[in-house]
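These are the structures in question, set out in turn.
What follows is subunit A paired twice: with subunit B in the first complex and subunit C in the second.
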Partner chain A sequence: MPDTPSPIDALVERMARDMARRVSRRGFIGRVGALLFSTAGLPLLPVARGGQPGPAQPDAATDPGDPQTCEYWRHCATDGFLCSCCGGSVHSCPPGTEFSAVTWVGTCHNPGDGHDYIISYNDCCGESECGRCLCSRHEDDKPLYVPFKANDYNWCPGSKVGGAYHCTVARIVGVAK
Partner chain B sequence: MAPGSSVNRTRRAWARAALALAACVCGARGWAQLPADPDGVVEQLPSKPTPHWVWVNDTSFFAYPDGRAFLVDGDSGKMLGMLSTGISFTGVVVPKAGGVIYSPEIYFSRGSRGIRTDVVTIYDAKRLLPVGEIEIPPKRASIIPMAGAEALTDDDRFLLIYNFTPAQSVTVVDAHARKLVGEIETAGCALVYPTGPRSFFSICGDGALLETTLTDAGTLARHARTAEFIDVLKDPVTEKGVRWRDTWLFASFEGVLHPFRITATGVQADPTWPLFTPQELAQHWRTGGLQHLAVHAASGRLFAIMHQGGPETREDLGAEVWVYDVATRKRMQTITMHNKAGSIQVSQDTQPLLFACSMESNRLDIYDATSGRYLRTVESLGQTPALLIIP
Partner chain C sequence: MQPWAAQPVVLTPPVQANYMLNCMGCHLADGSGAAGKVPSVRDSLGILSRNSAGRRYLVQVPGASQSPLSDLELAQVLSWMVRNLSTQAVPPDFTDFTAAEVAGYRRSPLVDVRDTRARLLEAAADRVGR
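What follows is the complex of A and B.
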C-alpha cells in the first residue's frame, strides 16, 4: 500500500508544484531559484545550494556507519558514485571538481540519534566518473517530473564546468523534525 | 628384439605408402597456401532491418563520455555494428521509414571539459556512418536513460528532445529538413510522449499533463493542461510509459496501470486497473527497472518486469516478467528470466522475441516472447546497457 508522506515531504512537494505552476518563462526559474536558495532560513526548500557550509554537523558518536558504504544512513536516496571513495568526503568534493550549484534533496533517518535529516545530494562535476562505490538507493525519491526529488538527473549541467559527472556527496542541510 | 618388431615394421611401411599416396592424390593443391584476403573491406548492413534486430543503448555509466549503441540480430545473437554516441547518451531514435538513425549527442571540446556542444547526429542506417549533424541548444537533459527523453512525432517529421538546465523545455528539430526549429518552454513539466503528427504531452510536477500542439513548421501552436491525472504524493506513476495504439500506459509505484488515451480533443485518462491482486500486493510484488514495460501492439500483450520489495526498490531488477492482456486486463503468463532484468523490449512481428538486459551486467538475453522460452545470451555489450529499441 502507498506510504503516507511525511509532513516535510508534503511541504516540499507542495512548494515544488506551486512553483512549477507559477513559473512560466524559461530562465526565470533559474534566476528566482538562485535568489531563493541563497537565502538563509529556507532549509526545507527542495533545492540546496552547493559549496556552502551546512548547519552544525552531528558528532561522530551520533553519525554511525561508514560513509564509504551504500548502507550508510545518509545515502538513503543516493544514486551515483560516493565521493567518500573518490578523494572527497560525505560533504566535500574531490580535488579538481566543482560542487553542483543545485541538486535534489532527500530525507534520511539517522539511527544514531533518531532524527530525520534533510540531505542534499550535490554532484561533483568537471571530471569523468570516479567509478568507485556505486550506490543506488531510492527512499522517497520521485520520477523525473518532480525534479527536485528525483535522483535520476545529472545535476552537473547547472555547474560552471558543465555536465561531466564525477561523484555525489550527501550533505546534511537541516533536521527534518 | 621384442616379439612385435616385425609387425611394427609392417605398420611403418603401410604408413609411408599412405603418405605417398596422399601426396600424389592431393598434389600441389592440397598443400597450397590460403589466397590473400581482399583489402579494405568494410561491411554494410542490408537496406531493411529484420524484425528481430535490436539497438542496445549503453550510457557507459563508468565512462560517461563514451556512450555507445550496439546493433544486435536477435536470431543469430550476432553483433552487427556500433555507434559512438558521446556523453550521457540515452538512446537512438529510428524513424519508421528507416534509412537513417537519429542520435541526440553531447560533446565537450576537451573530452570531459571545455565547450559543450549538443547535436543530433544523423547516421546512414546501412553504413552506420554520420551523414549529417544538427546543432541544438546545449540543454539536453542528462539523465539515467529512460523513455520520454526524446521521440519523433507520429509522422517522423519532428524530433523532440527534453531539456533540463534545470529550466525545463523541449527542443524541436525538423528531421526532414535537417534543421533546428527551436525550443518550447514546458515549465514544471518533463519529458516528451508523442500523441500525433503535431502533438505530444509532458508530465507535470502536480500530476497534470501538459499537451503541446505544434504548427506545421514545428513551432508552438498551443499549450493545454489536463486535470491532475496522477496523485504525485500518494502513488506517482513512473516515467517509463509505453505506447499501445492510441494509448500511453504508465505503471504506478504501487502497480496501478494508468491508460492515457489520445482523442481528438486531447488526452483522456481512462479508468485505471491493477497489475496486482490484493494477495500479490501483500506479498510486495512491484514493477521495477529502467524500461520495465514493453507492449506487443498486434496482440495487445503487455510485458512488465516484476520483483518483490518496498517502494524504494522501484528501480530494482526483476527475476520475472508478467504478461498481461491489455484488453481483458488479466495476467496471462509468467516468464522466468534467465538473468534478472531491468530493461525489456519486444519485437513487433508475429513471432516476437523478448529482449532483456540490465545496467548491472553487459549481456542481452533473448526469449521467445510467445512461449517465454529462453533462447540465447549475447555477452559483452558495452558497460551499462539500459534502453532497448527496435529499429
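What follows is the complex of A and C.
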C-alpha cells in the first residue's frame, strides 16, 4: 500500500471533514426531533369525526365483538366498507374524508346489555372506495322505495364533497329500548 | 357509586326515538337539514304550527304523512318538534297535535309541496309585516 492516499480517498476525507465542521450533531438531532414531532402532530389536523358519539355508549364490558368485523352488533344493517378498517373508527371518518350528515337511521340489538341502540349509518365521502371489510347486513332495512329506511343508497351526494363513497360508520345516537 | 361501576343506560324518550328513527336521517338531530337538499325546520315550525293551514301542511308533507308512524305517534313527534327544534319560543297558545287532527289531514295527499310551503311562509310574513 502506498503511503499517500489516492485522490478519491483524499477528496472524500476532505468532504467529510468539511461537513463535520459545518454540521453539529446537536443540530442533526434537533432536526430529526422536529420531523418526528411534526409527524406525531399530523393526526391532530382537522378530521371529520362524524359528530360526537351519542351520549349513551355501552360500557366496554357490555360492548362485545370486534368493530373491524361485519358480525359486530352495531353493523346489523351496514351496507358498505367498515370505516373501522379504513383508518377511521365505528363512529368517525378516516382522515381526508367528509361525513355525510344526511343518511338513514335504524336500531341494532346489543347482546352485551340487551338494549336496542339507535344507530345512524353515515357514509364518509370524498375519496374512492376503501375496499376493505365489505359488510352487507340488512336487519330492518326496507326496499329503495322507502328511502329513509333503505341501506342501499349511497348517501354521499348529500355531503358537501359530492358523491365519491369511501366507507360507512355506525354511530350510536340513542337507545330505543 | 364506585368509580368503576357501569353507568346505567339511559333510554331515549320514545317520542324523540321516533323522531330519530323516522325524521333525523334527513332533517338531522337539530332539524337544520342540508342546505339546498333538505329544508331546515328550525325557522318554519313555529310559523307553520300557528294556524290550521300550516298545521295541515306539517301533517301532509310527504316525510310526515308517509312515515310508518301511527296517527298518535306522528302527532306526538310533530308536537315534540315544535317544542324542541324551533328557534322561536313556543307561543303560549300553542296546542299539541292530536291523533284526530293528524287523521283528518293525513289521508289527503299534498301534491305541490314546495309551492305550498313557500305560499304559507310568505302569507305568515305578510301578516307580520302588516
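As a convention for this text, the second predicted complex is superposed on the first by the 124 of 177 C-alpha atoms of A that agree within 3 Å, B and C clash if a C-alpha of one lies under 4 Å from a C-alpha of the other, contacts with A are read in each partner's own complex, and residues count from 1 in each chain.
The working rule: contacts are C-beta pairs under 8 Å (C-beta built on N, C-alpha and C of every residue); 3 or more make two chains touch, one makes a residue touch a chain.
Because the structure is a prediction, the values reported are computed rather than measured.
Colleague: Give one of first, second, both or neither to describe whether A:S128 is in contact with subunit B, with subunit C, with both, or with none.
Modeller: After superposition on chain A, A:S128 lies in contact with subunit B alone.
Colleague: Given the touch rule stated above, what does A:V173 touch, subunit B (first), subunit C (second), both, or neither?
Modeller: So A:V173 only meets subunit C here.
Colleague: Report for A:G158: first if it touches subunit B alone, second if subunit C alone, otherwise both or neither.
Modeller: both
Colleague: Quick one: is A:D66 in contact with subunit B, with subunit C, with both, or with neither? Answer first, second, both or neither.
Modeller: After superposition on chain A, A:D66 lies in contact with neither partner.
Colleague: Name the chain, either subunit B or subunit C, that contacts more residues of subunit A.
Modeller: Of subunit B and subunit C, more residues of subunit A lie in contact with B.
Colleague: Once the structures are superposed on A, label A:H138 by its partner contacts, choosing first (subunit B), second (subunit C), both or neither.
Modeller: The answer is first: A:H138 touches subunit B but not subunit C.
Colleague: On subunit A, what residues does subunit B touch that subunit C touches as well?
Modeller: 102, 158.
Colleague: Which residues of subunit A touch subunit B in the complex?
Modeller: Listed in rising order, the residues are 1-3, 5, 9-10, 13, 16-17, 19-21, 23-30, 33, 76, 79, 102, 126-129, 131, 134, 136-140, 142-147, 152-158, 161-165.
Colleague: So in the complex, which bits of subunit C are touching subunit A?
Modeller: Within the complex, subunit C contacts subunit A at residues 6-7, 9-12, 16-17, 20-22, 24-26, 28-29, 33-34, 37-38, 63, 68.
Colleague: If you look only at subunit A, which of its residues touch subunit C in the complex?
Modeller: Of all residues in subunit A, those touching subunit C are 55-56, 58-59, 61-62, 101-107, 113, 115, 118, 120, 148-149, 158, 173-177.
Colleague: For subunit B, which residues are in contact with subunit A within the complex?
Modeller: Contacts found on subunit B: 61-65, 87-88, 106, 108, 111-114, 116, 139, 141-144, 146, 148, 164-169, 183, 185, 187-191, 202-206, 232-239, 253-254, 281, 311-315.
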